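So, here's a batch of structures to check.
Two complexes, one shared chain (subunit A), two partners (subunit B, subunit C).
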Partner chain A sequence: MKKQTYILDSDIGWLLLAVLSVVWVLLGIYWSRKAKNLDGFMLAGRNVGLALGAATAMATWITSNTTMLAPQFALELGIWGMVAYSTASFGLLLFAPLAKRIRKVMPKGYTSGDFIRLRYGRKAWYLFLAISIFYGFTWLISMGMAGGILMNAIAGIPYKIGMSVILLVCVIYTLFGGLYAVIGTDFIQSVIILIGVVVIGFGVLNAIEFDTVYTNLKNDKPMLVNVMLPAAIMAVFNNLLFGIGEIFHSNVWWSRAFAMRDGIGEKAYNLAGLFWLPVPIAAGFIALASGTLDINVTSPDMVGPLVAANILGEIGAVVVFGVLFCSLASSIDSLLAATSDLITEDIYKKMINPGADEKVLRKMSTRIIIGIGVLAWIVCLPRVGTLATVLFFAGPMVGSTIWPIMTGLFWKKANTTGAIWGMILGSVIGLVAYVQLGWYTASLIGAAVSMVTVLIFTHLNPDDFHWGTLNEAK
Partner chain B sequence: MVNIPFAFSQASFTLPNENTSNSGHITLTWEGHGDAAYTLQKSDNSNFEKAEIIYQGPDRASFISGLKNGDYFFRVKTENAPWSGPLLVKVEHHSLQLAFSLAGVGLFVFLSIVYVIILGTRNSAKT
Partner chain C sequence: MEIIYFSEGFLNVLIVGSLCFISVSVVLLLFYFFRDSKRKELW
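And now, the complex of A and B:
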């Protein structure tokens, strides 16, 4: 076991955990009054405005990965690592025009799975569902694990208890309020996260000088300030394409595109991308300061919280605890809601019980949220791997979905064979790269192989798709 | 049988004696007893001449990064106890040719995505 001294008094940690848990559950109960029908529960009544839309996109994308993995990137890959992580904002920015297109061609759609089924048919749909559910579950597990790791590292709360509490709280408030609760809490969480990041950022800038950090890095960790660090050079575009793949395919982002009012999606995703861009840079910089502050890092994903607490003392540790709890909750709730929608709509309604009415679907959605929560809890119990190794395993698979999704939305000529083989070859060859070269190449190679495959099949056998097919409501 | 007093127990790494890294980072972990204070040293030779102390304290792990190509030796000990056996980390970064080739592929894929979206958005606005 990697023993590390705690940065927050255990009693304060337990108190914070209790207060934050109660607040989010109460908010879930409050928003449950709005989630009266299925559209309300799954898509917040398709009436989300710009402020809430931008806040929910930004808060969901600021996961514990941003606050824990971005510093880890900086500590492993240096300056390029910071840049690499911030490129994930391109996923949000490039999804903005897609969100507009999605609302236009599928005004009554529910999930990203709906799109693949209607655009490419059932075989591509099965494959896509397998990738999407695997990815969603991987992300959820990495968040659950992060919750346990964090609370243990910060306040000495046992891993299993911290992990169980954060999963339980998110399951409860998502159960009550559906996407209304998810988006509402995301708004509050995004405000807390931004304030926290600003406080920590100013604290770090006040405590140490850029020159000192640079000199320390140059002497002790020279490759971190070397722009010719090979792994980091590869990681820049790998992370960029991983982020684009995550957002383009995941129902977390599609459900928000469906939930936002007409004309809002594009602006909201653009705003979210711009607000998100500096967060990993700030988070990454504080990691690079760890050497200057003489902080021993036992696990690279803990460097951000360690530095913040070291500089700001107990107040810093409280801020870190709050920010990280919010960034975890804002992602776990979104994943629970979006994955449950995908299973309810795409598997239960479309494959098992096509005649199910709203009441049955709502009941099924509730059971699925609980089921996903329990399954995630079981997988999270044994603490395995670092966050990066868990999450990036799904990298080649999500990278392989970029071209099928994007060309499917804009090109009439994009066809089923190209989409299926793009996803299969991209995933398989990307996984080989993951094993042979390293995680920092897998999404890049997965996306590149998928692109070539889609282009070849589109050229060889162009389709002539009718966009009206995507609007099932007609 | 001789009982070694608690305070004199030798720390030992929980990693193989030889390790390789192609990204210049590694997490060193070691075993010890209770709240003992550990000293971790790094050197570029197995005799630990001109060795540098890189950590002193109660933690039982340390994340090392930013290493250049080369061989690095580490050893750890508790107070009044002998040093552990040396742990070797061989750092050999990927070639820059591979890195730039993959980055070039990534840039091309990214620009192609941007091109398809801009063109697609423009065309769909017309229809």
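And now, the complex of A and C:
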């Protein structure tokens, strides 16, 4: 029987998987000593400094999509595709002033849901939770599936085993150490990812003549270096707004704003945005070199690993495996922790058991992390492989939350009706655009409709919100 | 209509600049880590 060849030798793949898994679990157990109370477990004691704060924001935002989809964007949309992907960093940069504001108006807050409930009331809160949990769960599943697919494609590790291991490892260390473990591992993962991208990028630059890549592109695929490529330019704005919507509404980013020490949030998110900005460009360049190297690209999202392994051999494949594993783990752990916080705090404590004490909530949080992990695992099992589409489907929904959140945090006149209708109309009309016009218009239209709706309702019936209401603990 | 291309120089600066920027990011991250660690301000 003919043995199928993979980018990385299977034995080395299994060894790497085992080593990385054991290291993350041991670190989770080590940091569990710090997570003594609920604030420690959910928000790392609300005392996270600049280095860990910036690293966790950046590592979480570098998903497998950044390292796999950015090369695909470059391959299909050229230079603009790389730039389009890198605009997602604006979400982090623009969240920086929000992080400062969040910490100021809600010093004892727990979740993004807390903010919507206190600012706009229960109806807006239910709608927001539906959007946020749908998005978070979809992102989690897409990462789980990506883990299984990538490990199978790179090292021949069976899909179900690869997917199960990465989910299980992240569930275990999040379960032990809570946000302490998530943030601690994120720092190490971010350093591994950045060094890996630099090694591969300079390796490719060293192995090829840059002018040959450029000439080949201009002769064989001139559209990729075309300054005026309408679909790609549209993708720049769509990706920008999708990224902003994802970050502004998601509890993944709010929980970090609550977790960072006073005065750190704004700096940490600015640094994370700047550090993230060049990563898709470096990853995208690897794809542009594939034509010059005459590599047969069977699947566009595998172009990055293929080029790295072709140029750097076994070492390149090992680096790619490490970078992808870290990209996946840093996002999966954050999603587990943040979604669990949202369900524990907003659904269990606020709707089901308002009298629950810290001990009960901690126990509940543990059960919810396991529950989310198991549910994600069940949905991932069939290997549907089309969840990237579903994730883009969430684009207009999250885009519709940008204005209710931004105006709600800074503008006392913003009112509840505007927030609710902004989310509803932005989501619905954005989804119609997704179906009728294309994915690259959906977030743009969803955010624009939401903006107009929020502004009109606020103009017609301005609120006079008292900011002190947001400080619930007081 | 005549096609306008990104120049080779622009692409070169974009790629090499990005890789250098990422290298600086790693150094800065480690610098902040050791500084915070020394001040006992990691978390």
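The definition used in the following text is that the second predicted complex is superposed on the first by the 464 of 474 C-alpha atoms of A that agree within 3 Å, B and C clash if a C-alpha of one lies under 4 Å from a C-alpha of the other, contacts with A are read in each partner's own complex, and residues count from 1 in each chain.
Throughout what follows, a residue touches a chain if its C-beta (ideal position, glycine included) is under 8 Å from a C-beta of that chain, and two chains touch if they have at least 3 such contacts.
What you see is a predicted model, and the numbers here were worked out from it, not measured in a lab.
Of the two partner chains, subunit C is the only one touched by A:Val48; subunit B is not. In the superposition on chain A, A:Ala282 makes contact with subunit C only, while subunit B stays out of contact range. Legend: residue contacts after superposition of the two complexes on their common chain; A:Thr441 is shown touching subunit B, with no touch to subunit C. When the two complexes are superposed, the chain touching more residues of subunit A, out of subunit B and subunit C, is B.
Contacts of A:Pro300 after superposition on the shared chain: subunit B is touched, whereas subunit C is not. When the shared chain is aligned, subunit B comes close enough to touch A:Thr407, but subunit C does not. Judged by the touch definition given at the top, the superposed model places A:Phe202 against subunit C, while subunit B stays out of reach.
Shared-chain residue A:Ile133: touches no atom of subunit B or subunit C.
By the touch criterion defined above, A:Met228 reaches both subunit B and subunit C.
Touch criterion not met for A:Ala181: it reaches neither subunit B nor subunit C. Note: residues 222, 225, 228 of subunit A belong to the subunit B contact set and to the subunit C contact set alike, using the contact criterion stated above.
If you check the complex, the residues on subunit B that touch subunit A are 22-25, 27, 29, 55, 57-63, 65-68, 93-96, 98-100, 102-103, 105-110, 112-114, 116-117, 119-121, 123-124. Interface residues of subunit A, counted against subunit C in their complex, comprise 34, 44-45, 47-52, 54-55, 79, 82, 180, 183, 187, 190-191, 194-195, 197-198, 201-202, 205, 210-211, 214, 218, 222, 225-228, 261, 271, 274-275, 277-279, 281-282, 285. Within the complex formed with subunit A, the subunit C residues making contact are 3-6, 8, 11-12, 14-19, 21-23, 25-26, 28-30, 32-33, 35-37, 41-43.
For subunit A in complex with subunit B, the touching residues are 1-5, 75-78, 90, 94, 97-98, 100-101, 104, 217, 220-225, 228-231, 233-234, 236-238, 240-241, 244, 296-300, 303, 402-403, 406-407, 409-411, 437-438, 440-441, 444-445, 447-448, 451.
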